[in-house]
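We just call them A, B, C, D and E in the order they show up, numbering each chain from 1.
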Amino acid sequence: MSASYLTSILIWLPIAGAVLIWLLPLSRYATGALALLISFAEVGFWIKQAAHFDFSQPGLQMSGQANWFGELGVSYHVGVYGFSLWLVGLTVVGMAACTGYGFWVGRDRPRAYFGLMLLLTGATVGVFEAQDLLLFYAFFEAMLIPLYILIGVWGGARRSEATIKFVIYTMAGSLIMLAAIIVYGLKAGTFDLVDGPTSASRWLFLGFMLAFVIKAPLFPFHGWLPDAYREAPPEIAAVLSGVIAKAGLYGMLRIAITKFPDPTSYYRTTVLALAAAALVYGSLLAFRAPDFRGVVAYSSLAQSGLITLGLFAGTDLGFDGAVLQMVAHGLISISLFLIAGAVERRTTTGEFRLLGGMARGRPALATLLMTVGVISLAVPGSASFAGEFLILAGVFQRHWWWAAIGAGAIVLAAMYMLRLISAVLHEARGSTVSDSALDLRPGELALVVPLVAGLLFLSAWPAGISDHSFFGPSPAAAVKSGFK
Amino acid sequence: MIVASAGNVLVWIVWFVAAFACVGSAVAVISFSNPFFSALALIGNLGSLAVMYLLLSAEFVAAAQVLVYAGAVVVMFLFVIAYVGPRKETPWSGGPSWQTFCAVAAAGALLVEIVVAVGMQASGSLSHESSVGADFGTPAWIGRVFLVDHLLAFEITSVVLLIAAVGGVILGSHTRRATT
Amino acid sequence: MDGPSVAWYIALAAVLFGIGALGVLIRRNTLVVLLSLELMLNAGNLALIALSRHFHNGAGQIFALTVMAIAASEVCVGLGLVVALNRRNLSLDVDTLSELRG
Amino acid sequence: MTLNTPYIDWFGLSPVLTLIGTSFVALLCAVLVPRAVRRIATASVSAVGFTAGIVLAVWLYVDSANGHTIAAGAYYRDRWTSLGQIIIFGVGLATTLLAVEHVPGWRRDADASRRDDHVAEFFALLLASAAGMAFFIGAANLITLFLSLEWFSIALYVMCAIDYDLEGSLEAGLKYLVVGSFGAATLLFGSALVYGATGKVSFDGIASAISSQGLTGDTFVVVGIALMVAGLGFKMSAAPFHMWTPDVYEGAPTTVTAWMSSATKVAALLLTFRVMTTAFPDNQHLWGWAFAIIATISLAIGNFAALVQKNVKRILAYSAIAQAGFMLIGLSAGSALGGRALMYYLIPYAASAFGTFAIVAARERELGVPVTLDNLAGFGWERPFLGVAMWFFVFGFAGLPLTGGFVGKFYVFAAAYDHGWVWLVIVGVLATLVSLYYYLGIVRAMYMRPATELVIAGGSPAAERLLQIAVGAAFVVAVGSLFAAEPLITLARHAASSLPF
Amino acid sequence: MTGGSWLCLLAPLVGTILILLGGSWLPRVAAAWIATTSVFVAFGGAVWAFFSLRNQSGHHGEITTAWTWLQSDHFSVGLQLLVDPLSTMMMLIVAGVGGLIVLYSIGYMDGDDEERRYFAYIAFFVFSMLLLVEGGNLLMLLVGWGLVGLSSYLLIGFWHERPSAVRAAKKAFIMNAFGDATMALAFFILIAHTNSLSFGVLGAHFSSTQANLIALGLLGGAVAKSAQIPLQTWLPDAMEGPTPVSALIHAATMVTAGVYLIARTHVIFEQARTIELLAAGTGALTLLVAGLIALVQTDIKRVIAYSTMSQIGYMFVGVGVGGYANGMFHLMTHAFFKALLFMTAGLAIHALANEQDIRKMRGLGRVMPLTKWCFLAGALALVGIPPFAGFFSKDPIIASTLNIGWYGYVFYACCIVGAFLTGLYTFRLWFLVFPGEPSPFVREHYHDHHGREGAWTMLVPVGILAVLATVGGWIQFPPHWDPVTKWLAPVAPSLPNAVPSSTQETVTSIVAVLVGLAGIAVAWAVYSERKIAIPAAPSLRRLLEEKFYFDRLYDWIFYTPSAWLATALRREFEEPVVLQTGTDLGDTTLATGGLVRRLQTGLLRTYVFFIAAGAAAVVLAFLIAK
């Protein structure tokens, strides 16, 4: 197919950029500018890719394949489907914003920092584009490496524990997945995701799922989440919850559900129960979390649960809603974490008891936080509302009580998000909020406003994603056919 | 072929004497508190082994045993012992308490296992005897085997000896005493 | 020939081997440890020669001869170390050589 | 009387002979070349030797499509040997570069005048040990096996102790010697028993004897194999025969450690695989399991013990034990796939192992004290290249997709699964998980200490261009093996195909 | 026609965006006028739509789709607008009354330093409300439904330094979110069975259970939005917002959306008659409870707020028994007079430096005559005294309950009692505030606005609404003259048994008026002339002041447990289990490492021993396994 080079470019351009940055002795600004330039180039290439993508066409598009080690049927095989296209877009846009944030706050040791950010970009795009299990695994792991150092070096006071915990937790899952991959691949004789047959083995399914539920994460596998989100630098936390977590959910969709239909239906109730638990539990903890990031962290736990509900509902609406919600929540949590970063920079804290009253005299901050906040609590008409509505409508067809739980959780979402908003913006001015804490600067606006604009656009036209994620009218059928 | 002509009884007697001497001296080696005596006991051990070799009609090896080992190696030992001076040390002592017990256990286990193995084997492939030719074990025969069948082994041995020599030189030489 | 069969020799070798091993295990004096190692190697030699006799092929004896050379080399290096240790006024008690541990 | 001495395929032996030759030359330099230039002269001799060795080995690899024994069945001329030799000589070359600046007696406290006392001998020993390993891989009968084992072992004993001003160095040497000799004696007795059962010393002879006379269950064979497993397991520092490893690796001069940890393992593992598959194919049900268990123990011991270490060399030593465990997984499969996996795994492993120790050596020289996790702080920022290389290496050990270690792990696991041992895959996976902690710990130590914790590195670090080159080479190999997996595996396949499957 | 609807919908949105983008460059007055004009333009659009609809034969209305908003499989929802009699009527009310109130707030908000934000919000509210009433399918309706909730939240919490305001705003939003949730669930049922959300599918045939559940879900939304029992508690607190907001959102438009919803989806309610009557019952109950509570309130705005609840109760009764036209008609008149009451109250509050306690306001009429008379008009309309608007719209509702069975009589009784209470609390307010000598507080704090009682922007709307409150009811006088009913007939035809006979009408009217007058009389006797002492009954009084303990009840049932649960989960599960597990595992592993390390004694003999032992073990294993 034409323009298939785009897929590989999207993966390797940033990695090459990282190497370049490490090799060239550039100044701080040159480095940041170069990194930013590359991220924008990524966005550009993605737009080109989206333009070339033919939604009326079934199967893998813009695929490229090269031999890696053939004797075991492992190859470098990349390509995009509708849904992966959107996730790639989320990645490049989010990473661009976060790289920009890093540039804006002027992270020290810029060459290391920006190099790693680009590396992360490439790896994450790779996860969403890989069509070979081992390649997928390679990128899945490769994401961890830059994250480990980014959190460990530029993170908060307790970063070291947090990052070790994060990496080991995630690896625990993905190593089990490696075992599953080996068994699956050798049994099937190929590691290719497109040609690979479906399997009925429950053990393999569980092996894969473990990795994904930890990455997503799902209750009760989220032990790494609060610390990582609190200790990471804001832009990294944004990437974590906005983009990286989606890799786990993507894995469920692309591998667990597609390749293991029987186990999926066998364990459906279990997974749905876990997801519902994550949804309620996350919402409840977010409701009592004492700080900005805590709320966002637990809310993304809840969101992962919700999306999983959609995926494992196994219904058309569920799948569409899940994809839509992945993108929407990605943008939301990136914006929220960046705003959290802005607030923390001004007040040196995210603790609610020290914050408050920031709306007065800071219209831009107030407006943005309010907008993102109400979108994230899924006020009707917002993109996330569309997503959640589809998801719940979809899972309703599986059984009504899932939808009932979901609806209840949405009320909880309103509770914790309003709590967050008013604790930061409203009521008496917090002890750490001084007049010197200015409104958002143009630089920050330039980072967050586009994301919010994207959200508003999606709110105006959610069908843009929900109707363009899978080939054909019925996503369930597409999944059943393995996206052939 | 002295032994061949002699009667079985004699062979057995010799064997038992040698074996006794062998084991006795071995035990002596590891139980003298003074390394000097241990070294001497080793000579005895080597000697009795040489006798065994003769019984096994390996004259050349026996000779080599006496010359190389008893002659060279042990003497080297004695020199060093003399050089470093007598250092007494009582066996069965030192180290963690479980050490000695475990040591005996392990060594005993190995010993027992192998002996058992031998026992199980005695009735097996080891039972049938093969008669030996007249030249078996003679220097000429050895030399032929060495140079025809195992030439490379022969060469390697020389290399190893050279390396060892170099090593000995490096470690033993003291152009200047270490200052640290 | 008559007389003790190979099994006897190998049993004897085994005993020697065991004694040597025991020596290495229980003695602390470096020199005695080295001597015990010699015992073990000789045990091997005895077995080899007995077997070479038994199979009536030279490999065993050749093996034994080379082992002697090897033993000599080991002793050479070992004693070299002893000398070096001694020159640095270090104890020859292997138990005191436990700077490296953990 | 006439001796019809056997035909010697000199070309087949050429790599070994070259190294022996250069080793002698280096030895001559010790007396002929003036001290001023002795270091550089002998170093270049050694470099030349290794380079020539590599060239010849490559040539042999190309030329020995169908392997056979040469020199009266004493030595295998086949691709298994050649490829192993290429790896070893590569490491040797790198070690030479490293040694120029670091061995012997280049520690802070050593006085400059005595610096070059034994440099020539050192290189001679390096070459000799390399030759020994090269021969070891090709050994075709029990005698040459035992001899070449002692050959490079003795050289290594001396190299370990070559910094004899340091008690640690001597202690390492002595421990290595005694334990090594014990292992050798065990191996010897084992060989004797095998010989006793079959009456043969050559591997193929043993195999045919076992199969023809139905000696599979023969007591001597079984016990013999057991003792040989123990003796060889010692060489590859697999638990429970590993105890010497941490001490010796820590005590020996770091350059020597780098050389031992990479080259020795290559030799030991390759030879073991050859012996087991060539001489005892019918007993795989025994040694396969044995090595599987040993692998498990090694993984457990190595990783757990490494968790609590502070001294970086010890951490790496334990990690070497664990890595041996991983490679033993491939070995225990005892299949062609296992052979490929083992051979492939060794390439990035050797590079990474050497690289890590070389970097430690650099830091050690900088500080003049043993490198611990604490005084590693800030290293990553002070020496960017070495830092990056370090985290690539250790993450590669951990099986993250940065170096060929990733593919290697995948391959050994695949071999285990192919052999029907899913449990072994699980064990490996869990072990990897545990290992993460200390591998991450090293990176954390290098990068993530707040500036206040940074130790003031003594003086400005020397340029150490040669070291940088050596590490760079290792880096290229390690990372390259990830992307060039296919060609390397093809090489490994050809190598393994020269073993009887 | 569609042009009118789009104009009507988008004008306020444009206004919002302009003010938002204008930010601080925009002068305050400009912001205010942008909002006002945008809403009046919307009104123009509504009028345009109205007339073009009238000219349409049979005026069934039409649906326009901008684009497909949400699509999955065959389930597809367009961004649709519906112009039909019902929606145009609502458009006129919302845009019209809305316009007046926005104009009013120009004067009212003058001087507040965040005026711009206020006008942006309020324009946004009008947009949301119009989306709600114009939405061409259930999902669009839900979107508008949610957005009015949002803007109500924003406006209640407009003075966000006041904790009470913020709390009230959150309360309102969350209770409405609950309503949204139940509506969403109802929609899920629809999707599951018809795979569509157009209004049409409501006509499809459902099993009685499904129909009941759907209707129940919708009713949940309606109850929440319209502050009916049991979800009524947010409305009084919502009075924390600026008075114009109370007038617009919490009196005229948003809170009555529940009535609109029931009328709009009456088809399904008619399939689930029980639920529909449940709605009526809720209304009846609420109008009593609210009326009672209103008797003891001392905050002028809260009194009016409770009366709003009670009036909406009437509307629920109306639509509940199937008289949709009656309900909608009362909705309209109520919009007029309740807005009027709030705005006059606003005048008073404004003039008295934001004082809201009626006990301090005695004799205000002396200084604010215009306010006094306008308020009186509104009050009489509220009580339903002819010829004021309330009379024409309330009585038909009461009368329509007579033909539907025994519970009809219960509703009837409630409504009559409610009428009495209305008279009582309304004129309690009147007598306490306006007649008589000005109280010292009034003298002290009253400040006029350039010699007038308020800025002209405030007085003009008040005047207009006063007129409307007086004559607004004359457009329908069932059974003799009923254009509204006819107008709505194509969309929401009243059920036959909800149409009272003319005698019932007449009788009811007389009774209601008399009861209302009685209420006024009692109020006069108690609060003006002090002839009758206020009945003590402290426990009863307390019950009323505590608003029947609803707040405490909910606090006790919902908030406290969930908060407790959340905290408990964090303390008892998250921290000790989830977060700790990893750490513990790590520590255990390290401990194991320590054990292994202890083996490494550094003693040579140990190492040798391990080799020997290992060898022995292997040999043994082999001997056994061979």
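Simple rule for what comes next: a residue touches a chain if its C-beta (ideal position, glycine included) is under 8 Å from a C-beta of that chain, and two chains touch if they have at least 3 such contacts.
Worth saying up front: this structure is predicted, and the values here are computed from it rather than measured.
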{"item": "Neighbouring chains shared between chain B and chain D, ordered by label", "value": "C, E"}
{"item": "Both-way neighbours, i.e. chains that touch chain D and touch chain A", "value": "E"}
{"item": "Chain whose average C-alpha position is farthest from chain E's own", "value": "B"}
{"item": "B-E compared against D-E, more contacting pairs", "value": "D-E"}
{"item": "Relative to chain A, chain with the most remote C-alpha centre", "value": "B"}
{"item": "Length of the line joining the C-alpha centres of chain D and chain E, rounded to whole Å", "value": "79"}
{"item": "Chain centre separation in whole Å, for chain E relative to chain A (CA means)", "value": "37"}
{"item": "CA centroid of chain B to CA centroid of chain C, Å", "value": "6"}
{"item": "Gap in Å, rounded to a whole number, between the CA centres of chain D and chain C", "value": "26"}
{"item": "Touching two or more other chains - residue numbers and ranges from chain B", "value": "95, 103, 106-107, 110, 113-114, 117, 121, 126, 149-150, 153, 156-157, 160, 163-164, 167, 169-171, 178"}
{"item": "Contacts with two or more other chains, residues of chain E listed in rising order", "value": "586, 597, 600-606, 608-609, 612-613, 615, 619, 623"}
{"item": "Where chain D touches two or more other chains, by residue", "value": "143, 147, 150, 154, 157-158, 161, 164, 173-175, 178, 182, 189, 193, 196, 219, 222-223, 246-247, 309, 437"}
{"item": "Those chain pairs that satisfy the touch definition", "value": "A-D, A-E, B-C, B-D, B-E, C-D, C-E, D-E"}
{"item": "Residues of chain B touching chain C in the complex", "value": "3-4, 8, 11-12, 15, 19, 22-23, 26-27, 29-30, 32, 35, 38-39, 42, 45-46, 49, 52-53, 55-58, 60-61, 64-65, 68-69, 72-73, 76-77, 80-81, 83-84, 87, 89, 91-95, 100, 103-104, 106-108, 110-111, 114-115, 118-119, 121-122, 126-127, 129-133, 136-137, 141-142, 145-146, 149-150, 153-154, 156-157, 160-161, 163-165, 167-172, 174, 177-178"}
{"item": "For the chain E and chain C complex, residues of the former touching the latter", "value": "597, 600-605, 608-609, 612"}
{"item": "List of chain C residues in touch with chain D within their complex", "value": "6, 10, 13, 17, 20-21, 24, 30, 33-34, 37, 40-41, 43-44, 47-48, 51, 54-55, 57, 59-60, 62-63, 66-67, 70, 73-74, 77-78, 80-81, 84-85, 88, 90, 94, 97-102"}
{"item": "Residues on chain B engaged by chain D in the complex (per definition of touch)", "value": "113-114, 117, 120-121, 124-126, 140, 144, 147-153, 156-157, 159-160, 163-164, 166-167, 169-171, 175-176, 178-180"}
{"item": "Chain C residues within the chain B interface of the complex", "value": "1-12, 14-23, 25-29, 31-32, 34-36, 38-39, 42, 45-46, 49-50, 52-56, 58-59, 61-66, 68-77, 79-84, 86-88, 92-93, 95"}
